[in-house]
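Below, each structure is written out as structure tokens.
Two complexes come next, and they have one chain in common, chain A, joined by chain B in the first and chain C in the second.
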Partner chain A sequence: MENQNFYYDNKTVKFFAYATLFWGVIGMVVGLLLALQFIWPQLTFGIPYTTFGRIRPIHTNAVIFAFVGNGMFTGIYYSLQRLCKARMFSDILSKIHFWGWQLIIVAAALTFAFGFTTGKEYAELEWPIDILVAVIWIVFGWNMIGTIIKRRTRHIYVAIWFYLATFVTVAVLHVANSIEIPVTFFKSYIVYAGVQDALVQWWYGHNAVAFFLTTPFLGLMYYYLPKAANRPIYSYRLSIVHFWALIFLYIWAGPHHLIYSALPNWAQSLGVVFSVMLIAPSWGGMVNGLLTLRGAWDKVREDPVLKFMVVAVTAYGMSTFEGPMMSTKTVNAISHFTDWTVGHAHIGALGWNGFMTFAVLYWLIPRIFRTNLYSKKMANTHFWIGTLGIIFYAVPLYWGAITQFLMWKEFTAEGFLKYPNFLETVTQLRPMYAARAIGGGLYIVGVVMGVYNLILTIRQGDFLAEEAASAPALEPVSGKRAAGEGAHRWLERRPVQFTIFALLAILIGGIIEIVPLYLIKTNIPTIASVKPYTPLELQGRDIYVREGCYTCHSQEVRPFRSETERYGQYSKAGEYVYDHPFQWGSKRNGPDLSREGVVNGKQYKPNSWHYNHMLNPQKLNAQSIMPVYKWLIADDLDMSTTAKKIRVMQMLGVPYPAGFDKTANDVLLQQASLISADLKTQGIDCAPNKEIIAVIAYLQRLGVDIHSAGLSAASASENPVK
Partner chain B sequence: MFSQVFQSVSGINNYGLISTVIFFVFFTVMGLYAFTVKKEDLSEFSRMPFEDETKDSNEV
Partner chain C sequence: MEINDKNPVEKDELTGDKLLSGHDYDNIRELDNKLPKWWVWLFIITIVYAVVYLLVFDVFRIAPHQEAEYANEMAAVASLAPAPQAMVFDTLMVPLTDQPALDAGKAIFDKNCVVCHKTQGQGLVGPNLTDNYSIHGCRFIDAVNVIATGVPEKGMISWKTQLTKEQIIQVASYTMTLRGTNPPDPKAPQGDPCK
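Right, the complex of A and B next:
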């Protein structure tokens, strides 16, 4: 066939690279602010927009979807064109993808700061932005699959398999986990409730790690590591098994986030079994990456790109060993809700994603700017500071986690909790939190050096926007299988069919796990005493979600004696049936709140305590790291939404009486007046229409229905596992 | 209909076993395929990242 001349689009690659650097610094600085708030809670400056609960989603979304997301697109746009020997399918789609993604990031940052959130970790975006994400993601997939279809190579290289699996799985996860009924333009309720919501959320949450932070980066590894080492991947055979085993297994592992929860045991077991099996393909990928350097380790000594890649792949191996280990019931019993989870997540994020992103940028930017890296020495310094930063970040958190679970679970010889006050464990951890902030700070110093180095590289370079290339046109062949052609070999040249098969592989796990939870009634036993929230409690719950309280407080008591002694009865599936969304949380920076309202319970506090605590937590407990929420006391509750909220809840199956929406605000004010009057008896003058009243009403409702069911704390502690 | 069928399913706890079997069948088939691919083809595929060098790209 004749040789065809064409041009690679480097402009889109450049834009994504710039966005990666910009959002990387922003996202990490916000992370550092969060870390410092553990030491100086007053660093929220007393305003709502900088409180921990609001900026934590800004940090997580910025580093995942802005820094890593843009980094992933940088690497994909560069490698896909070259592996396909074709320009991107459409320049217009590339532009829409780039600018649309940046618009999503800006919208996310602003809405989170203003408290517009769904309250679901890593899926906090409200419905209009969710729709925008879906549209832009489809644009990305369309552009990518279009490029693969018009490629000039017969075989589709394994890196592209990972890109395709990323596209199709993230699309499925995002849509399934974002089915919401809008209340207003910035408020919606997720259609799932309680345990079902928890399962869908962590099916999404875990697979966001799998298919946003792992598979695309494995694709990048399969392209950039051989390029940087100047030798082919160690075993292409292994990469085939690695790919299919990984995408098939990963999708099942979500329930390991819900071990010892109210999720049915069979679903928990599936999560554990598949998480442990995940070690095999994950380490297959790691081994394939590291063995590619066989005979080239001398280059690692010299080349900063390879240094970053080696540590990235090693961090991937560490976190994919640690993850399955934390999924086993024995380890999870002690690690869950502690800083171990945060340490584990950051080994993956800082080591695997952060270092791989910088490896790709250090390799790619000098090439598209036709120059050498400005300073190899600075890149090496970045590497060493960053590596030290990861260690200084993770080790204190591991140490902190051990401290936490030992203190949480320690009993005196007389059989009482040795540290019944949760704050005692927090106080003990403050030096570890300070060390963690130093580690994070070091990592950011490295990143700033990297950004500076790359800016100087760009300034000295000469950008090649349109890179000339030539390749023979692909000879047309039948879409059907040729004689002697195996099914998989046929699939390797058919991108659409390949994508469909990848979709089937990921759907099997999701369907087997999630569908029975909806169809088998015995999975969610109902509890007669559990009633829908009153309008005031519902409004209070929405403020709880808005302020991101779930980022520090869990609402899930696990069936351990150490937990039932501290909080009260362990959690049951039936008590969450009206929770849209569930608010179990994943980390305890403060105590569990699910039994907060049980009068004479282990966690009960009067209305006046809650009022004063929100006004100034440090006045009640000098060592508290809780931020102030004084605007809850100043701001009026928005009652214009009550009726609409009740109607949406009715649509979702919450059994409010017909026509209740019309009287909901009267009922709300009645209950608010009672709380206001009670505060007055304590010398606190607070009008019934203030937000704080709704929050207090919600907190005082938590656990009450279960308590009224007649299941006393004593009887509930008959069944704890430990 | 599906709802009724699923409600009558007994032994849902066997899901773990069934799923593990599904995976091992899947894994075995993929493994067998991978080991039947010709070495020359694998070598050719693994060299694909190196076929993209263009006249304008230069080594750092």
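Right, the complex of A and C next:
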């Protein structure tokens, strides 16, 4: 066949690379600010936009979707063209993809700062942006699959398998976890409630880690590692086995975020066992990467790109061992809700994703700019500082986590909690938080060095926007399997079938876990005393969501003596049936709040306490790290949304009486006046229409229903009240 | 090119491992190595673990689920757990005055009470403890009772599930020493004057 000449598009690659660096620095600096707020809570500056609960989603989303996202697109756009021996399918789609993605990031940062959030971790975007994400993601997939279809190579390489799995799975996850009913342009309610929402959310959350942070990066590893080392891949068979095992098993493991929660036991068990079964498939990737370096270890000593890759792959191996361990009940009972989880996440984010991204950039930017890296020495320094940064980040958090759970669980000989005041357990950790901030700071110093080094590389280089290439066109062959052709080899030349198989592999687990929770009623035993929120409480809850209180507070008491002694009854599935969205949280930097309103409970506080506390937590507890929320006291509650909110809730099956939306605001004001009057008796002047009143109403409702039922812990779970 | 009799097997120079012919992607080659044995065993062991786990927990239910685990945990400490109702105090009790007891009382106060009564007892959400007024009575036993059983509707929680009898007496004794200390920024008096 005659050779065809064509050009690789390097311009899109360059754009994505610049965006990676830009957002990387921003996302990490916001992370540093968050770390510093644990040392100096004043650093929230007393204004809403920079408060912990609002900028934490900015940090997580910026790092995951902006830094790692753009990094993965950089790597994919470069490698895909070369692996397919074809230019990207459409320059226009490439442009839409690039600019659309940046638009999403800017919109995300702004909306989070303004408090527009769905309150679901790593899926906080509100519905208009969710739609935009879906559209742009499809554009990406269309562009990628289009390229694969017009390829000039017969088979698709393992890197592309991972890219395809990434595309289909993220599409499914994102759509399923974002089915929301809009209330206004910036506010919606997720259709799932409580336990179901928790399950869907963590099915998404866990698989965002799997299919946004893992599979695309394994794909990148499979291209850039052998390229940089100039060595063949260790084992093609291992690629096949670990690829299919990984994507099939991963999707089941979501419930490991909900161990010892109100999620039904059978679903928890699936989360445990599938996580454990993931060790080998995950390590398959690490093994295939590290063994590819056999015979090239002398190069690793020389080449910063390979150094970054080796640490990245090792960090991947570590966190994919640690993850399954944390999924077992024994470890989860102590590690969950502590900063262990945060340390674990950062081994992955800083080590695996961060280092792999920089390895790719250090390798690719000199190539498209036709020059050498400006300074190898600086890149080596970046490597060492970054590695130190990871260690200084993670070790104090692990240490802190151990301190934390020991303190949470310690009893005196008389049978009392040794540290009944939660704040003591936070104060104890502050030196560890400081050390963590230093670690993060070091890592950022490394990143800034890397950015500087790459800018100088770019400046000395000569950019090649259109890179000429040639390859023979693909001869048409029969789609049927040829004699002697292995089944998988056949599949590798049928990308559409390949994608469909991958889709099936990931759908099975999701369907088996999630569907029964909807169909089988006994999964969520109802509790008769649990009633919908009053309009005022509902508004208060939405403020709770808006302010991101869930980034520090959990609402899920686990069935341990150390928790029921501290908070009250452990949580039951039936309590959460009106919670759109659920707010269980994933870590406790402050105490669990799900029993906050129980008058005879361990945590009860009068209205005036909440008022003073929100106004200035440090005035009540000098050591508190909770941010000041004084705008809640100054701002009027937006009551224009009440009626619509009630109607949407009714649509979602919350049993408000028909026509309730019309009187909802009267009911709201009635309840608000009572709270306002009570504050008055304590010498506090606060009009009923202030936001704080709604927040207080919500906090005072927490846990009230289940405690008023007078059910003992055991009877509520075993004899569902119908 | 697929491997067949006519295509001699290619080998990787450095390791001598067999290269797969026809597997060349932008100059990346692949070796025909088998799966590492230890890796296969690791995978098998985890699968066996998974099957056994599900059988034990969810099919035959030999091991306890979390609700049963909790019941066991609580049963194990049942003898230990304080019996709050049984906590009775002598109405004629007098405050402790020895220094170690007052120091212990202050430590308890600083840890648990300052969040409502402020560091020097001047009051904020809770009443001022330093003035000569009281809402629930001026006798020592009144203070002890308020601490032990609380005034939940006003926000004062019951401490008898979190403090021992001895600790309650210590902290109550300490609060008695606060009377008349005139700290800065006091809360206005509440309740009735004490004689």
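Note that in this section the second predicted complex is superposed on the first by the 704 of 722 C-alpha atoms of A that agree within 3 Å, B and C clash if a C-alpha of one lies under 4 Å from a C-alpha of the other, contacts with A are read in each partner's own complex, and residues count from 1 in each chain.
Operating definition for what follows: a contact is a pair of C-beta atoms (placed from the backbone, for glycine too) under 8 Å apart; a residue touches a chain by one contact, two chains touch by 3 or more.
This is a predicted model, so every value here is computed, not measured.
Enquirer: Since both structures carry chain A, what do chain B and chain C do when superposed there: clash or fit?
Expert: clash
Enquirer: Examine A:609 and indicate which partner it touches, taking first as chain B and second as chain C; both and neither are also allowed.
Expert: So A:609 only meets chain C here.
Enquirer: If you stack the two complexes on chain A, which partner ends up touching A:276: first (chain B), second (chain C), both, or neither?
Expert: A:276: touches chain C, not chain B.
Enquirer: Can A:113 be said to touch chain B (first), chain C (second), both, or neither?
Expert: neither
Enquirer: Just to be sure I read the superposition right, which of the two partners does A:667 touch: chain B = first, chain C = second, or both, or neither?
Expert: neither
Enquirer: After lining up the shared chain so the two structures overlap, which partner does A:467 touch, if you call chain B first and chain C second: first, second, both or neither?
Expert: Touch partner of A:467: chain B, not chain C.
Enquirer: Can you tell me whether chain B or chain C touches more residues on chain A?
Expert: Counting contacted residues of chain A, the larger count belongs to C.
Enquirer: Taking the superposition on A as described, I'd like to know which of chain B and chain C A:488 touches: first, second, both or neither.
Expert: In the superposition, A:488 touches chain B alone.
Enquirer: Taking the contacts chain A makes with chain B in one complex and with chain C in the other, which residues are shared?
Expert: 79, 82-83, 85, 153, 155, 157, 159, 223, 226-227, 232-233, 236-238, 241, 245, 265-266, 269-270, 273-274, 277
Enquirer: Please output the residues of chain C touching chain A within their complex, sorted ascending.
Expert: 2, 4, 12, 14-15, 17, 19-20, 22-23, 25-36, 39, 42-43, 46-47, 49-50, 53-54, 57-58, 65-67, 69-71, 73-74, 77, 80-82, 111-112, 114-116, 119, 124-125, 152-155, 157-158, 161-164, 188
Enquirer: What residues on chain A touch chain C, complex-wise?
Expert: On the chain A side, the touching residues are 79, 82-83, 85, 153, 155, 157, 159, 223, 226-227, 231-239, 241, 245, 260, 265-266, 268-270, 272-274, 276-277, 279-281, 283-284, 287, 291, 294-296, 411, 414-417, 420-421, 424, 484-485, 558-561, 564-565, 570, 599-609, 612, 619-622, 682-683, 713-714, 717-718.
Enquirer: Of all residues in chain A, which touch chain B in the complex?
Expert: Touching chain B from chain A are residues 8, 79, 82-83, 85, 153, 155, 157-159, 222-223, 226-227, 232-233, 236-238, 240-241, 244-245, 248-249, 252, 264-266, 269-270, 273-274, 277, 363, 366-367, 370-373, 464, 467-470, 486, 488-489, 505, 508-509, 512, 515-516, 519-521.
Enquirer: Can you name the residues of chain B that touch chain A in the complex?
Expert: 2-3, 6-7, 9, 12-13, 15-16, 19-20, 22-23, 26-27, 30-31, 33-37, 42-52, 54-58, 60
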